[in-house]
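Structure first, commentary second.
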Amino acid sequence: MMEFDLFREYGPALLRGLSVTIFCWIVGTACAMALGFVLALVQRGVSARPVQWILRAYVEFIRGTPFLVQLFVLYYGAPMLGLRLDAMPAGLLGLTIYGSPYFAEIFRAGLNAVPVGQIEAARAMGFAPATILRRIMIPVMLVSALPALVNFSIILTKETVILSMITVPEIMFETQTMMAETFAFAESTLVLALFFWVFVETISRIGRRLERRATHYLLDRS
Amino acid sequence: MFSFQTIIDNLPVLAASARYTLLISGAGCFLGLIFGALICVAAVSRASAARAFAGVYVSFFRGVPLLIQLLLAFYLLPLVGVNVPALAAAIFTVGLCAAAYISEILRGALNAIPRGQAEAAMAVGLAPRDIWTRILLPQALKISMPALVNELILLVKASSLVTVVGIVEITRMSQAIASATYRPLEIYLTAAFLYLAINLVIAALGRNLERRLAW
Amino acid sequence: MTLRTTLRAALFGATALALTATGALADMLEDIKAAGKITTATEMHYAPFDMLENGQYAGFNKELFDEVAKELGVAAEYQDLPWASILPGLEVSKFDFVNAPVTITPERMERYAFTLPISDATVALVQRKGGDLTAPADIKGKTVGIQKGTAQEKQLEAYSETLGGFTIRGYGSPDEAYADLAAGRLDAVAGSAPNLAYLAKTRPDVFETIQPPFGEPKYFAWVTRKEGSEALIEAMNAALVKIQDDGRLAAMQEKWFGTATALPKEMPAM
């Protein structure tokens, strides 16, 4: 007797959880991308040794440790250092930090793929560095980096469930609350799994379509 | 104040729990390699049913978060008659999930092997099974070694999630110690550095292996 | 459990896929006696009931369950599991008994078989040392932490309605709520009186309890599945009464809670 009726009773809470999941995913991914882009620019533009070392240590540390442990350090450990964040801001900051080195790597590879000749030509024509970055480097870089950007953004959707473990009230958290009250453990977990399967498949498809359209757009412009 | 004494006192217990982290990620990676090779063979097979199965498999295990896969294995599988101890459930789930990623890695590597090789093998009368096990998969393995090492590192990190099915590995042990000592910062940082150390060693071993394979 | 025995168990388990449907029909007491052991699960972060000391399981629950197992003539095997996975694990026969302190509630009574009470579980509040709350009602408009999915959470929600509202924040384990209280993210944490008394006793410089407990009287007990557990429950209850009558219970209560209190020898009315 699968008790799917429960979803009617707990529907509002689950929808709230779903919106928190989507919110955390979008905001977290956008912030991680932004920080990743800055890291890529610093890595490319600042050659001072200490800066490169710090950058390297940051990337190694974040890529070498589990997201869950990073969240525990940020949420339970950081108050000792005076950084006291609520669950949601801690979760968003966690996603930002966790995603940033991966995005930085994608951007770095993309920027390296911009033909040097194009940049030199623009410089010879007297364009300002900021203009070169905005008009030439970013569009050309995006064409080659888009598939990886889309791919990693999709991976981040799945990481949002880990935020439930620091009490961010996203879909997994709300489902667990429901399970504790209704004892419908197996059904709820199954529905949650199916939901994520459909959700990730859907955004993968949308992502691939957007990727194609954006590529056409960028190629037309450049 | 930051207490190094807490770290020194608890490091032995925490490091001992790393054996479960290593066991689950190592055994999970090994299973993932076997299942992944099978899924990869299915994915490039001429039989459309095999291709469809591989497609659904990869889509499911890559679409559903591992945390939820673990709970499914724990809460749901017993209802259909599969009731295995937590450790076996954890290793199998991690392995099945890894297989989805590894099959894609191997598939990418297969594309890099010249088509002529399989055709020549067929021409001299080698059975399809031998073509796979003697020619294609060994080369695919070698080509994809960097990606596989990276996958193992991902699994070491992913193994932190098996806390939910009751395996006391590094993360679960650090939660217990943090709650007993009230020193979350020191303990979770120590846990993080343990993971980092494991992964740096794996990365170094991987580079070593790649150099040898390149000969 | 050592790694080797775990591995062996895992291998045997993997090859012999046990059908839960057939397992449910058997008598649990007979099965346990035949196996010579009773397998249990609890979250080992629930001082003073369950905790890890230098990586070893310890606490009131362990000592009491050890005594009960001794009365049954079997060995007790313990496993650490997050609270959210404990009742689901019990339902699918991952272990024989939940030796976590589970609050007796009517909803759970319908679904599970409880032993006699093993401890008081009335809900109380704890705050930071020197906090400005003097009575439970002072939490109106404040933020209170609680372990999510617990009976205490429901009582806290009911209390919030009668008081006219305060913010409730759910946590995976009480330790995380205590950490947030210490960190200043919460004004108080609700939990069972014995847990909070122990917390305030072990860290008097950080926490203090708010008197009196606000909830209606509740009890903790251990639970198992209903099917086939009648004889087992009966045997465990007899053991619990015996342990109380010969003074062992009082000694354990003194050791872990600081005071000894008599427990009901019959199932309390809901």
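Every chain is named by a letter (A, B and C) in the order it is written, and numbering of its residues begins at 1.
Just so it is clear, a residue touches a chain if its C-beta (ideal position, glycine included) is under 8 Å from a C-beta of that chain, and two chains touch if they have at least 3 such contacts.
The chain lineup, named per UniProt: A, B = Polar amino acid transport system permease protein; C = Polar amino acid transport system substrate-binding protein.
None of the values given here were measured: they were computed from a predicted structure.
Looking at B-C and A-C, the interface holding more C-beta pairs in contact is that of B-C.
When chain centres are defined as mean Cα coordinates, A lies farthest from chain C. With centres set at the average Cα position, the gap from chain A to chain B is 22 Å.
Centre-to-centre separation between chain B and chain C, using Cα means, comes to 35 Å. Centres computed as Cα averages put chain A at a distance of 38 Å from chain C. Residue positions 76, 185-186 of chain A are each in touch with at least two other chains.
The residues of chain B that reach two or more other chains are 71, 75, 79, 163, 175, 178, 184, listed in rising order. Residues of chain C in contact with two or more other chains: 84, 88, 91-92, 176, 179, 182.
By the touch criterion stated above, chain C contacts chain A in their complex at residues 84, 87-88, 91-92, 107, 111, 148-150, 153-154, 169-172, 176, 179, 182-185. If you check the complex, the residues on chain B that touch chain C are 13, 16-17, 19-20, 23, 71, 74-75, 78-79, 81-88, 91-92, 163-166, 168, 172-173, 175-180, 182, 184.
Listed in rising order, the residues of chain A touching chain B in the complex are 60-61, 63-70, 72-73, 76-78, 80-81, 158-159, 161-162, 172, 185-186, 189-190, 192-193, 196-201, 204.
Residue ranges on chain A touching chain C, taken from their complex, read 76, 79, 84, 86-87, 165-167, 169, 173, 176-177, 179-181, 183, 185-186.
Of all residues in chain C, those touching chain B in their complex are 3, 6-7, 9-11, 13-14, 17-21, 41, 44-45, 47, 51-55, 79-82, 84-85, 88-89, 91-94, 173, 175-176, 179, 182, 203, 206.
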